[in-house]
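Both complexes shown next keep chain A, but they swap its partner, so chain B is in the first and chain C is in the second.
On to the complex of A and B.
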């Protein structure tokens, strides 16, 4: 009797579930289809069209949008800027994230509190953070100038953002690094905690030092976490917009590709070129993500 | 050996201190600036505690007469709350059913749908920004709560599915078997067994989605044209760009705009850390 009811019980979800799964999934499919996949297709197709409310109708343009972008010096400059944003963003957030994760790896009484404070920058809106950092970087009253001068590192107050291109970009990206490092730290920490302790104990018995254990055990085994963290940072820094918009406006010295896309599309209303630039940026995102995965990711089994 | 241990301990404490200063100093600095006068904030070298101390900037924001900064701020605060709140409810509701189907039911096309949904996690903002604006413009949903909530929800769903799917998949099947023996349908099993057991995972998803909603900037910048729907991020950026509002007041506005996510992140930190780490590595 009980055996019978168990067997029908097992079958039940499958039998009543002929249409049920599709009913449960329909809102999701509708949302993703209409507001993620369809827009992506529109972007891909209309990149090859002239789409401009000031220059109707919408018509096929071949590669004209891409050619126009190629010859636009502001687009080229923003592409170069974005490469720098990515290098600084991925490099620093991975380095800082790994450092934080290593320090937090050891469980202690205070870890919960420390974690809560570290996660804080990740939880706040980037726009607000950029405004706060803008005040820190302020040329006349900023605390950065004040501290550096007190320490004797600089002689007089500096204008930090808007003068030198590299310095501007590094400092703007530092604001994003501040925000995204906690995410990298958590992802790497999760990978660190999945490494079996026995490996370290065995290495210690064999007389391995701290550095050797880090190089031979930690670093290889943390690679999946590093890879995910780096891809996250890549996507975020390739998309950098809020911090640039607040700290540098549309000044070309710091403009990112995302800012350029916004300007072409919503200030100039040249949607066709906006689509084309978006398509290129989407491809760049995918290619670079795959590159990071190919170089950094290794399947780890214990 | 003993001395080396002690040295390592000191190094660790110093490192933790550096990490904490890095993580919290800018926030402290905004608080410090917001609680002083303009001349106090403009002292050279800078004061590291508010002097003179005043709550004047916050009092200014209590004046909500039409057209004033206080009015703009609180209206946008309300907009942020409504938009992020509704998007969170909608996202979690849709993701609950879908993640359950993915985790527990067998059906044709399951893998394909799951892979396609998760692949949209990798779509950058670029891919959808312009078309979403044009779609919303065509259906007259620009500058409406509904339009913004729909866009947010479509953007947050993939991550919500990923976190909840992993959570559901980690729940032992035996828990529901008992309900099935009693003749429950999958929907009842979801309601009576899965949801109560998965509350921490659902909370983690809801918190992360709400924080993402509160932080949105480029989509509302494009989709909202005035104070009827502009969220607090758009207003903060606009006030910052006008260079009329004094920096002390701007920092007070920033502190208040960040207060809700900050409190959520501090109080409910456990869920955020779990949520991020649960969905991280597979």
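On to the complex of A and C.
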């Protein structure tokens, strides 16, 4: 036995083995680089160019694309609509997700089945869900009208989507809430299950009620899970497209910023402005995500 | 003292190596993605000696056709392969999705298909972008015009960018059974007669909302307005693309007012604010919930209303000459699809041979129903050729063939003269969003026409 091996107490890794982690990681790095990093760099650069097959050649435009977007009333309207989509989407999915997680936290024989069932909307394609909800909202034979009428809430059948802006947006976003709430519930449930039971037992000994325990133990300690769920809902609400397109077409009253990006890029062929709007949406996502993390997220250690 | 290698330095070197490898691979991938198709046009395809002489396709080669209609029957595609040696891969993609794919592939100079859709509304755009191969060296538009009345739609400044895939035009349809139930036996000849008849259907309770206008913010609403404008005796843009609809006495203004009034007075179902054109045909007209479509599409009687499995009005709907405001004939506006060759196509000779085969008189009649339902291309509106439609009319196999043949001969391009402007997509977007908003009550007709006119002037200036 050599002295060196005695002093270190471990085998020196073979030269080829040192590179193994990098070799294993490289396909993923390449994948992310090709599908995320490279398009992001291209988008960022091209946002400052006029890229329009109807107005060749491609040329540097400075901030002209951003100025044009600012002066475009449809872009401004879709940005305002998207704010509403975010408020409804993040608010409701977090609220419902928390409620579902609290229910699912209780041990029950049916928990596995219930978990499988609530995940179903998350697993369905957004277009399919929008078509299903389109039938529910249908003004002629939709379930919503018939239920509300049989309950005496409305006198006659209503047109729900396309007439009023706020109602249209809320109802469209409800479809997305239905889809994303299961994921929010699972994220929050994971955080809930990491809270030590001893904390609740100690609180109970001290005479705390259910509400007190929820307010002073559950809510503060579930904040990391809430933050992640809210960021996930934010990203999906800000990028809402399928539900809007299927339920409301290109009507400006419900158009989202992603629908507008599609219109500008592929309908108007103004790719430069499309890149610029995508870039702005990316920045908005990043800023709002950081804001949620700053306000909601707290490091929790047990 | 022997220097030991710091683990941090080791990681640093590894990371650098990894970054270098990733960068090299990224550049390779990017270069591969961005490279143009070197296969491009085959030499034989670009060297056609005379108009109408097509280059010989290479036996054993294949072409990819990406279209928004289902493929023709396999047995017939096999006949093409037997004649030319060219195998056909047909990929069906929805219309909206297809337009996005065409734009994405062409703008990145990437191969996408050897043949694909050229919608009438995109001709101006494709002329300006140069994304499609000119077909003038292979097909003589002027000599084909008498048999293919809508071929002009696919020309811009003399360049033929596609051959008609079908013929299609907007046309009025009405449910004769429902009209007769309201005592309206005579075919309405004017817009006033037509409106009165619809009011009679409503007041007598035959149908609660007798008229279908698809008010969803989509292309179908724009074309409905163009046809209604033609019925009121005008057109929306002149040959220099100036707006002709801003004056309240203009046909375009009156047409929009008539459409919005029809919605507000209940002639049109309230649900139609979110109904697109084909939704209106299938869920309203085919179910007998409405009695007429003022701007329907040619071919819907056979392909939608007379299909027993999905229609409750089989044998009740017929085409009528579109009612107008004067004594003259109202033109029915062309709405066809074309089939063209993207500049990045790999097998141009094969693609040209397929166009010739697909658009010949016999096959066009077969796609429309000459051999019976088994050989029909589902949803195919109407043969592109008058001679094919004559074959169908003689066979008596397709409802309304004779009426459609008469109307096809007098159908007119949506934008006579220069064709659809390059900025048609923005124009149409402005049209349908503004009419939609006027019907929804968030603006007046006056505001809608002003907004559309402002958009036109802005587009012209840009």
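In the analysis below, the second predicted complex is superposed on the first by the 284 of 302 C-alpha atoms of A that agree within 3 Å, B and C clash if a C-alpha of one lies under 4 Å from a C-alpha of the other, contacts with A are read in each partner's own complex, and residues count from 1 in each chain.
We take it that contacts are C-beta pairs under 8 Å (C-beta built on N, C-alpha and C of every residue); 3 or more make two chains touch, one makes a residue touch a chain.
These numbers were taken from a predicted model, which means no experiment stands behind them.
When the two complexes are overlaid on their common chain A, residue A:25 makes contact with chain B and with chain C alike. Among chain B and chain C, the chain that touches a larger number of residues in chain A is B. Legend: residue contacts after superposition of the two complexes on their common chain; A:238 is shown touching chain B, with no touch to chain C. In the overlay built on the shared chain, the residue A:159 is in contact with chain C alone; chain B does not reach it.
Of the two partner chains placed by superposition, chain B and chain C are both touched by A:249.
Looking at the shared chain after the overlay, A:95 reaches neither chain B nor chain C. In the superposition on chain A, A:139 makes contact with chain C only, while chain B stays out of contact range. When the shared chain is aligned, no partner comes close enough to touch A:80: not chain B, not chain C. By the touch criterion defined above, A:38 reaches both chain B and chain C. Touch criterion met: A:266 reaches chain B and chain C at once. Overlap of the chain B and chain C interfaces on chain A comprises residues 21-22, 25, 29, 34, 37-38, 138, 140, 249, 262, 266, 271.
Interface residues of chain C, counted against chain A in their complex, comprise 10, 14-15, 17-18, 21-22, 25-26, 29-30, 99-100, 103-104, 106-107, 125, 128-129, 131, 215-218, 269-271, 273-274, 276, 289, 422-423, 425-426, 429, 432-433, 436-437, 440-442, 462. Of all the residues in chain A, the ones that touch chain B in their complex are 5-6, 9-10, 12-14, 16-17, 20-22, 24-25, 27-29, 31-32, 34-40, 42-43, 46, 99-100, 103, 106, 112, 114-129, 131-136, 138, 140-143, 146-147, 149-150, 157, 178, 182-183, 186-187, 189-191, 194, 224-225, 228, 235, 238-239, 241-242, 245-246, 249, 258, 261-262, 265-266, 271, 274-275, 277-279, 281-282, 285-286, 289. For chain B in complex with chain A, the touching residues are 12, 15-16, 19-20, 22-24, 26-27, 29-30, 33, 41-46, 94-95, 97-98, 100-101, 104-107, 110, 113, 116-117, 120, 122-135, 150-151, 153-155, 157-158, 161, 177, 180-181, 183, 185-187, 189, 211, 214-215, 217-218, 222, 232-234, 236-237, 240-241, 247, 250-251, 254, 257-258, 261-262, 264-266, 269-270, 272-273, 276-277, 280-281. For chain A in complex with chain C, the residues that touch the partner chain are 18-19, 21-22, 25-26, 29-30, 33-34, 37-38, 53-55, 74, 138-140, 159, 161-163, 165, 247-253, 262-263, 266-269, 271.
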